[in-house]
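These notes open a run of structures that come right after.
Presented sequentially are two complexes of chain A, the first with chain B as partner and the second with chain C.
What follows is the complex of A and B.
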């Protein structure tokens, strides 16, 4: 079985947030609750502050703390290494949101974050939190895919509705391969500078594995023992690629 | 939050009208026979270990006198040998009496709508031939299937007439014989609670010795053999049986409801507490503290996980007038300890008794608005480690992550790039 993982090259990431927008369209999300964000951080004072950023999808940890605390076992890890939520079992207790060290989980029933409240305009039918005018055909509550119902927690699924249909044994889901493009997660497919790679971490021949080893991929908050399956490439040299001006591409 | 409030109001309203004689409330549409033809029905969606896989509740397994129930950490099952003869389960109802959530149901224990007029209420077993029971006797499949709540509700509904349970002297030979143990525990508990309410000693439930002159029936009869069904009941039972027969094909696991988010009505618990409240009121005493668990709070961070997992809605986090309150209603609490188990701070403590019958406010916080995203969040007295002043937990976490990770992803900056 594959163990899907993602590599994000911070030397290439421009912080354009096309990934967030693509995610929003693919997964029926609204601003402020995308399954994936780009986090910005400003350091230093004028006149010479530095701005750094990094995208934050769900890390799909090997040892997900969210899964271990879930009192109803609604959060689970699939055989192909993806952490998903069974919306039929989730009771919305939000313990997972406290346990997740990366803060990638969402509960959207409370006060709307933006006015006008889009969800009040497009009211959901039955259990669903809203009824987006444009929506993907997929709705799979047992895998936490589709429009979020009321009263449950949601998060990035690595676009499970796409990657789970990929041919078995594929080492990399590369958006430039026409045969595979439909199976690539939305954020990877849309990334304009091609900063994202998606593939099988269990396959030594996959491009993601080669990149991690060649460019010394790192995982965030490794000390928590969560062992994320999302790796960041920070560039060579003493200064990492999270700061644009430090990038090797600038110095060349 | 508004949704929560409404729910809580509905719940508080629903405590009052529950009377002893509430015939159909025990068996729900989601109850399924545990094996085809079995007399014990299971509503898997309300079974505690089925909802919360780490919940250690095995009360039903311990209560079954034939040790027919087994569990692998989820909802109980009837053992394999029970499948060969569906009637291996004798329908004594002792498991159902032990179940705190009403997930298990055995027919025959509904309190009657019309209570007999006699000065004493007699209760007899279905195995005793009907002709042997004195006129007006209440008949149940097995006395072991009675709970203290059942006895109290009956006592309350009958206007505090004494309850006499007929001991036919043959419990020891009955396969459900161990039921005596459950029955004695239920009687003892009911007595202690009645004493607490100031009930006279002559009125408490007693086991009275009435040996049976004729031989008992070989087994607890089916309900149809026991009670002639009224016409309406007949049609209802027909349709019910049809629906159930279809459902029996499904295994209990398939019967998991679409959502576990709805709180359940702990009917037995509500019956007990409402009966007790009325009895105590009549005697001008407070509800005995023995019946009311007490929940106390330590270093609470206002996460509210406890309130959201509470299966019965006994613990609720309610927002009103700019304040967030954690409210506890001991009358609904079934002491399942699920709140203790999920509290990230382990800040809760549950004592078996000593609580009050009225809804208590355990903690009150000011509702704050997050400076970053604008979301409302309760401002806890004890601040979690990660908190950034003025921001909600989610924004605090993002901020902390960004700060920590920005340094990590970068390693030491060698030169200030803005300087030539």
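What follows is the complex of A and C.
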């Protein structure tokens, strides 16, 4: 069984947000609530401020604190290493949002992050939080895929509706391979500078494994012990993409 | 020894006042929740996830633990001086827990799903789960203990065993609530192995304060109290409460200084906390309450000051741990601005209404001043 993971090359990332937009479209997300985001950090002061950016999906941790705190096991880890939410079990206690060190979980039953309130324009049917004009994947509540219902928490699924259909034993889901392109997560597939790689972390022949080894891949907030399955390649750090040292933005 | 059932005091006034708070709070909160859902709260994914309703829950659940601790002084540890308030404390521990649960239930996305989803999918690693189990078990044991006391069974083996089991589960529940926060290593404002102990210490403060306040409300004044009750509220009760409050003030002082001193990520919130007037109101209230307790004067005011100070403290703790955002970049401010909405405040009003009206009902229906005969 594969252990899916992602590598993001910060030397290639231009902060264009195409990944965030693709994620938003693929997963029926609202502005400001897309599972994948590129965070911008302004540090230092004039005349020498620096602007850096940081692409941040769910880390799909090996030891996910969000899963351990979930009282109903609604958050679970699949055999292929993906952290998902069963919306039928979620009680909306939001403890997972508290326990996630990376802030990548969303509760939709709240004030809109951005106006106008699109949910009020495209009102959801039944329990669903809204009714997007373009609908992405089929609704799969047990894997947290589709339009988010009210009263539950959602998060990045590594586009589970795609990767779970990939041929078994595939070391990498490479968007440049026509045979695999439909199984590639949306953010990886759309990344113009090819800063993202997706593959089997347990397969020594996978490109993700080789990149982590050759370019000294690092993980965000490794001291928390969550052991993310998303690795970052930092290189010289000259390109602008950088791992923030902490979560605070105003440390001057 | 028996104490006379009081029909005077402020029971009727409190029943009406508490009932009004309950009706207004619950009515407005339900109206807003049914029309706007949880969007009528000011909590959100981009900032404070657990808002004022969780503060209410923590405050009242721990008060329940504290009241059980006060009741146990007589019922488990045999300190006879505390018998005149023991039955009242057991009843209040049940009512305050109901108030906390009510606020939490209206905050959850799917409170009814919780009833079957938790037992069917029990996550043993989740502190929240164990806290829920212990509080639920206590609710049963507390009701059993109260039924025993109401049947004047104060000293039988069964009554004592039920009381001891209730005390143990309450301590475990309060401790687990502390662990729910203290285990969050990713949030240094909360993280710490001694948070459960801090929760139990402060629980004893609010438990003692409610015991004192409600005893005064029962009789109206010290002159109206039976001799043994007066002796208790002028002696062991304020003395014990002053001791616990004194330690609490010390712990809070160290917490604040450590928070201001530390550079750990997220601890910047302490600069914000001490810059608000609420912190100084809290400090002033608790220090003034300590003075009043030690000098044995205006004890009802002292009890209310402790309740005010500790409520602010719960707010600072629960909200403060979330004010420095988790990896949101420049999309959100470095320090989140959170003010509870009217709906959230209505849940606070509702919870206090439940406690006040529930207690007054108990006084009228169950003779909470009862104590064992000599």
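Criterion: the second predicted complex is superposed on the first by the 235 of 252 C-alpha atoms of A that agree within 3 Å, B and C clash if a C-alpha of one lies under 4 Å from a C-alpha of the other, contacts with A are read in each partner's own complex, and residues count from 1 in each chain.
Quick note on the criterion: a residue touches a chain if its C-beta (ideal position, glycine included) is under 8 Å from a C-beta of that chain, and two chains touch if they have at least 3 such contacts.
Quantities reported herein were computed from a predicted structural model and do not represent experimental measurements.
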Superposition on chain A - do chain B and chain C clash or fit: clash
Kindly classify A:218 by the partners it touches after superposition: chain B alone (first), chain C alone (second), both, or neither? first
For A:73 in the superposed arrangement: first (chain B), second (chain C), both or neither? both
Thinking of the overlay built on chain A, is A:22 touched by chain B (first), by chain C (second), by both, or by neither? neither
Pick one for A:113: touches chain B only (first), chain C only (second), both, or neither. both
Between chain B and chain C, whom does A:13 touch in the aligned arrangement: first, second, both, or neither? neither
First (chain B), second (chain C), both or neither touched by A:56: both
Taking the superposition as given, does A:32 touch the first partner, chain B, the second, chain C, both, or neither? both
For A:92, is the partner it touches chain B (first), chain C (second), both, or none of the two (neither)? both
Which partner chains sit in contact with A:48 here, chain B, chain C, both or neither? Use first/second/both/neither. first
Out of 27-35, 351-359 or 405-413, where does chain B run into chain C after the fit? 351-359
Common interface residues of chain A with chain B and chain C? 32, 37, 39-41, 54, 56, 69, 71-73, 89-95, 97-103, 109-111, 113, 151-152, 221, 246
Show which residues of chain C lie in contact with chain A when the two form their complex. 37-39, 41-46, 49-50, 108-111, 113-114, 117-118, 120-123, 125-129, 132, 180, 184-187, 265-266, 268, 322, 324-331, 334-335
Which chain A residues qualify as touching chain C in the complex? 32-33, 37, 39-42, 53-54, 56, 65, 68-74, 89-95, 97-113, 150-153, 221, 224-225, 244, 246-250
Where on chain A is chain B touching in the complex? 10, 32, 37, 39-41, 43, 47-48, 50, 52, 54, 56, 69, 71-73, 88-95, 97-103, 109-111, 113, 127, 151-152, 218, 220-221, 232, 234, 238-243, 245-246
For chain B, which residues are in contact with chain A within the complex? 1, 3, 51-54, 256, 258-261, 303-305, 308-309, 338, 341-342, 344, 373-376, 393-394, 397-398, 401-406, 408-414, 416-419
